[in-house]
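In the part that follows, the structures are each spelled out as structure tokens.
The same subunit A turns up in both complexes below, where it pairs with subunit B and then with subunit C.
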Partner chain A sequence: MPVSSPGEVPTSASLRLRLAALVRAAALATPGVVGLDAGRTGIRMTASDGLRVDGVVCAALPGGRYQVSVHLVAAMVPLRSLADAVRARVERDAANAGLAGRLGPVDVAVEDVSTPAEARL
Partner chain B sequence: MILLLRGLVRLLGFLLLVALALLGLGFALAALLDDQLGVQLEGSEVSRWLERLAGDGTQALEAVIGGGMVLLGLLLLIGALAPRRERRAVLAEGEQGTLDARRRALTQMFTALAERTRGVTHAKAKLRLGRRPRHGRLVLRVERPRTAESATVREAVRSEVGELAGAFGLKTRVQTPLGRRGRRVQ
Partner chain C sequence: MSESKSPRTARSGATSEPTEGASAAVSRRGSEPLGSEHGSTTIADAVVTKIASIAAREVRGVYDLGGGTARAIGGMTRSVGIGDERMQGIGVEVGEREAAVDLTVVVEYGESIPQIADSLRANITRRIEGMTGLTVTEVNVAVNDLYFPGDEAAAEPERVE
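And now, the complex of A and B:
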């Protein structure tokens, strides 16, 4: 079942899934991010306990941390500052949730761009 | 178009493999159950060839063909099963993480940037990414009205896309043909 907000993830769920849900919400709340993209086959996601977070891949690192990849659809904005904004928001939300120590590098992958012409449709 | 062709190749490949498998199965059944099936291999060319193969001495030609077939089969298996790696344009790499973009997304961005340039009636971007990160080639074909000078439009487009193209290490070429009738400046 797809998860759209961290509130939908039970506290008993795995840390990986909780972190992925948090990252998804943080990325979507960042201005310039139009949406997240799990790919044509839906392979870019994090799944655990029958739940699924689309568009975010969480991979375990040595030392108990997790590397996070956010696959997003961007608006026509400068990409470098967009990635910085996504990272800052993810780090802030992870710290608020007490997961700062578990968060590793945050990769930002721009999968698609929403151009002004598409936005008008 | 490319997706359609890929689908067609996959379908034809699949049908060919099914035909090949059925042919092999037919030969195997004919060799094992020739009496029950009413197929007579004895005295045929196939039978004589098999006897010659089973005979003494090295059959160099058959060995080469057989070895080649095995090699071809292995190559086809690798081609079919090896995962394809999508080439991505990397903008930044560091301890914080990587920032990269899909080719299609970047192409859309360059097209949109070029189309919003003054004097451009229509734009199309083609992007080729190199094997190494931060290497690639961007070709922008921007159409212009007769009233706009080619050099002016080229420079305007270059300055519009230059920063993004530079960040991805792309060599940029801008073509400025005259636009088709009926197309208007954005």
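And now, the complex of A and C:
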């Protein structure tokens, strides 16, 4: 079952899934992010406990942290600063949720841009 | 713009996607992203392609992108809903900090081709550098066909404003 907000993730769910949901929400809340992209085959996601977070991959690192990669569809805005904004927001939200110690590097990949013509569809 | 583009301007009537030219221009450090302990940022080739395509269509006098075959096949795949005209006629090579673009265009009859080529270089460079922060090392323009107003038989390609 796809998860779209951290509220849908029970606190009993794995840390990996909770982190992924937090990252997804943080990315979607960043102005200039149109959506997340799980890829053509849907493989860029984090799944656990029968739940699934699309567009975010969490992978364990030695030492208990999780490396996060988030795959964006962006609006036509400067993409480097957008990526930095997403990264900053993810780190801030993780800190607010008390997960700063478990968050590793946040890799941001802009997979696609959404043109004004597409946005009208 | 490097000096390596002279042989390519002779590629008249080339209908294949122009990807081979750009590969020489960008050092093949390739796709490993800029990184720090906070994580890396990567920008997919498809993104640069799309930006280049939109920037090219913004230039006055450019009627369409792509060679004859690409446009014919593009029209077919679009009509069955699997084509993406924004990828047509554009080849990009994206490195760590630089990008190179090859494109094939159809221009409107009567327009100055050197002027269009200059405008294409300027606009594509401006858009890619503005949006991605990549430095555009070269934009190679191949003019593949001329468009006369009477040419559109049935389906006129969409213009992206």
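We adopt the following convention: the second predicted complex is superposed on the first by the 119 of 121 C-alpha atoms of A that agree within 3 Å, B and C clash if a C-alpha of one lies under 4 Å from a C-alpha of the other, contacts with A are read in each partner's own complex, and residues count from 1 in each chain.
Keep in mind that, in the parts below, a residue touches a chain if its C-beta (ideal position, glycine included) is under 8 Å from a C-beta of that chain, and two chains touch if they have at least 3 such contacts.
What you see is a predicted model; the values in this text were computed from it and never measured.
Taking subunit A as the reference, the larger set of touched residues comes from C, when subunit B and subunit C are compared. When the shared chain is aligned, no partner comes close enough to touch A:43: not subunit B, not subunit C.
In the superposition on the C-alpha atoms of chain A, the part of subunit A touched by subunit B in one complex and by subunit C in the other spans residues 67-68, 74, 76, 79-80, 83, 87, 105-113, 115, 117. Those residues of subunit B that touch subunit A in the shared complex are 88, 91-92, 95-102, 104-106, 108-109, 111-113, 116, 164, 167. Of all the residues in subunit A, the ones that touch subunit B in their complex are 67-68, 74, 76, 79-80, 83, 87, 105-113, 115-117.
On the subunit C side of its complex with subunit A, the touching residues are 33, 35-44, 46-47, 50-51, 54, 86, 130-133, 160-161. Chain contact summary for the complex, subunit A toward subunit C: residues 67-69, 74, 76-80, 83-84, 87, 91, 104-113, 115, 117.
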